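Here come two complexes built around subunit A, the first alongside subunit B, the second alongside subunit C.
== the complex of A and B ==
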């Protein structure tokens, strides 16, 4: 059940109607049931995998309590829990690699009936596995007690607005919300509705339009396109990806707000970032924070313990590179994802090296022209990195070669630029107010209503124009 | 007063302080809306209605020269309806519609037909070629009702070959799905559909539908399908190569012909068409191709005869043509299934003459 469909809207309305009638504890039970039903609409097998991951993580977390076992044993239980979760992730997400290889080998031996080997990637698996791992680590670090309530913990793992593509919530922030007073008043309703409308506009009007405007040749034969078109479509891809995921996040945060449960923001106008550290604090924020807390910082701390010098080369190189390479692999298998992660790792290393001989000045304290220049540089390098993210390595190479060979000039597609302009306008409005996503609520009612009317008209017209592709991040 | 005391009876005296009960299983107070709410939403709907009205007025006033569409997944259907609407708007009526698959699209030139008919009878006819790629009888049954109801032609000529009813004809079901899923078609068939209603009543919406592929990389070519649509609907096939029988393969349904029940149902629906004179017309095929039919040309003719018998039962004439050998060898398209432009001119002229004779002899009320 895709979240920008009328069936999802009907599903949410039914759940909401029941939810508002119930006290808090039954509300959680209702949300848990609804989440599993929602998940089963994707595939009937998926809830079983989710339940297995939930149950194992819940039980193992009990063993991580300081009162239960000694430190060595706790470490053992922790690694067992992390290992189990990683095993599930590798089995379902990366097994395609091995299955393809095994299938090819078997068919070369004449065995062609290999259908049973196919493994379906459960939607959202990459997201809830990270939640389970963070929960186990946080319990072992004594940052939160192991949950004693299976219902609440299962809801933390399965809560349907965030199930398929995040945000990746932390148990220590999310679990208390399940026991806190939830209020949906006029203000909350307006916030939620605004988030939903902005999200749907981002997804349907901007992301889906841009997706449709990129021809298949961009992915399959970039060498056949002119430089102007290649650059235009690379831009289109950058804004498609961003609006697709930011739109999704906005919608699910709005929906969750209707239940009185606030989800973490995931995007904050990332293409206005003035350095790469800032970019990763604005792009897929919950994943960035997860990688920072569970990979970057531990690795950096371990390296600093060995050599506390600020010129420790390993500490300059390894944490960003390892973190971003793992981020690349989390997004997908294939060397092109490694290249994407490697590029971002190098960007961060470059930034750290730059900071060693030139004292860092907070971006907002720099002169305006330098801020604008920095935004341009960061954006350009990010778009360059999206090329191997979106294309296979041979096609990315073909793309790069074409840039040097083709000399034809023509006008870029105006349609692409118009849609990108809408995206930039929304970002700019929010950015000016410190990243406030619901800044529109501060505007006069007539302006709000006019914008809403235009948004509704645009959504209707765009849905008449295209078939909706699924959210990109559901594939990760 | 320091200690609170739970009253033993149903109410407590005013000096007894009752501690609040723990919030277990208390009734939810999650939803705390205050009236009024939703004014912005209401205002937005009012603005939307106003905006839509303005767009509608603008479309009716200023966009007459721009294409419209009904919003079908089948672009052929969109373009055909648009061009036919244009013809009716310009001429005031359409007298005859030639309907069928690509063999009709490439095989009958309405202008040539009208010219010959005028030479024969002195009467001016306004005709349109509604040939659609890959159409078969199942889709024809649906569309024929709509064509008659919308355009009221005096004559509907359905050009058929055996493919129209053959099981396994390529794309038959896809076309059917594309056509019957079209909201405007559903609305025309009596099923209420908001998009269908809009496509039928709103000029602004119909104009937008013609431009709805604005997000597609092929937008320019799709739009040119509308702007370059031939006014008569006829698309000539200019053959560049002579027939090469070594290259031509018979379709699969020639090897084992079976009637598809869905197409037969559509055929019966077509025969039941009321309100206009319907004529079934066998579209010619080269004799060498018919020889490849399972059982040969005689078996092919027998199949056509069986369709003719079914048609006759409903008082619908079926005019057979293959046995007349009207088309010379060089006047076929390279695939041997379609006529080229020269063949279409011959066939269209013959059809006009035949119709004129049929009318003159009272075989057809037209």
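== the complex of A and C ==
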């Protein structure tokens, strides 16, 4: 059941109606049941995998309690838990890569009946595995007690608005919300409704339109396109990806708000970032924070303890490179993802090296022209990195080669630029008010009504013209 | 060690090592992370500095904007473990 569909809207309405008939404890049980039903609509096997990961993580966390076992034993249980979760992730996410190889080899030996070998990637697996690992680590670090309530913990893992593509929540912040008072007043309703409308516009009007405008040749044969078209479609891809994921996040945060449960924001106008550190504080925020807390910081601190010099080459190189390479692998198999992660790692290393030579200056205190220039540089480099993210390595190479060979000039697609302008306008309006996503609620009623009417009209027209593709991040 | 001692140790560290400008006039409530003056790299240094200077371990998940955005917050966070 896709998030931006009428069937999902109907599902949410039914769950909401039942939800508000019940007191707190049964509400959580209802949400858990609804989450598993929602997951089963994708594939009947998926809930079993989710339940297995949930049960093992819940049981192992009990062994991480300081009163239960000694430190060495706790460390062993922790690594068992991390190992189990990584095993499940590798089995389902990366095994396909090897299965293709094995199938090809068997075929070359004349064995063509290999149907049973296919492994289906459970949607959302990459997201809830990270939640399970962070929970186990936090319990082992005594940052939260192991949950004694299987229902609440299972809901933390399975809560349907965030199940397929995040936000990646932390148990420390999420579990207390399940037992706190949930207030859904008029303000909360207006906030949720605004998030849903902005999210649907981002997904259906901006992301899906851009997706439809990018021809298959961009992915399969970039060498056949002109330079102008290649650059236009690279831009279109950058705004498609952003609006697709930011739109999804906005919708699910709005839906969750209707249940009185706040989910973490994931995007804050990332294409207005003035440096790469800022970009990663604005793009897929919950994943960035996860990688920072569980990979970047432990690695950085271990290296700094060994050699505290700021100029130590390993201190500068390793943490950003390792973190971003792992981020690339988390997004998918294939060398193109490694190249994407490596590029971002190198961007961060370059920024760090540049910063070592001069005192830190707050970006907002720099002259306006420098800020605009910095935004342009960061955006350009980010778009360059999206090329290997979106294309296989041979096609990305073909793309780069074409840029140097083709000299034809013509007008870029105006339709693409118009849609990108809408995306930039929404971001600009939010950015000017400190990243406030629901800034539209401050506007006069007449303007709000006009905007809403325009948004509904645009949604209607676009859904008549294009078929909505699934969310990109669901595939990760 | 009282709050003033902690502040007197943290202030020169932040100015000289993290902002890298000895002449910088750092205010106690000036936003450092949200203001773009220090980043994750600096926070990792801050974590190790606290281990060496105050003999406390601030968990990685506590090295956040919510806990350490200003000098005042840094002092509060250190004092929480020293008490």
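To be clear about the criterion, the second predicted complex is superposed on the first by the 476 of 476 C-alpha atoms of A that agree within 3 Å, B and C clash if a C-alpha of one lies under 4 Å from a C-alpha of the other, contacts with A are read in each partner's own complex, and residues count from 1 in each chain.
As a convention for this text, contacts are C-beta pairs under 8 Å (C-beta built on N, C-alpha and C of every residue); 3 or more make two chains touch, one makes a residue touch a chain.
This one's a predicted model, so the numbers in the text were calculated from it and none came from an experiment.
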| item | value |
| --- | --- |
| Which superposed partner A:309 touches (first subunit B, second subunit C, both, neither) | neither |
| Partner chain(s) touched by A:404 [first = subunit B, second = subunit C, both, neither] | neither |
| Partner chain(s) touched by A:464 [first = subunit B, second = subunit C, both, neither] | first |
| Contacts of A:70 with subunit B and subunit C, given as first, second, both or neither | neither |
| Which of subunit B and subunit C A:300 touches, first, second, both or neither | second |
| First (subunit B), second (subunit C), both or neither touched by A:319 | second |
| Which superposed partner A:212 touches (first subunit B, second subunit C, both, neither) | first |
| Residues on subunit A lying within both footprints (that of subunit B and that of subunit C) | none |
| Complex interface listing, subunit A residues touching subunit C | 138, 141, 143, 170, 172, 274-275, 277-278, 292-294, 296-298, 300-301, 304-305, 308, 310, 319, 352, 358-364 |
| Touching residues on subunit A, where the partner in the complex is subunit B | 19-25, 27, 182-186, 189-190, 193, 208-209, 212-215, 259-260, 415, 445-446, 448-450, 452-454, 456-457, 461-462, 464-466 |
| Residues on subunit B engaged by subunit A in the complex (per definition of touch) | 23-34, 37, 39-41, 43-48, 51-52, 71, 195, 208-209, 212-217, 219 |
| Complex interface listing, subunit C residues touching subunit A | 17-21, 24, 35-41, 43-45, 47-48, 51, 59-61, 63 |
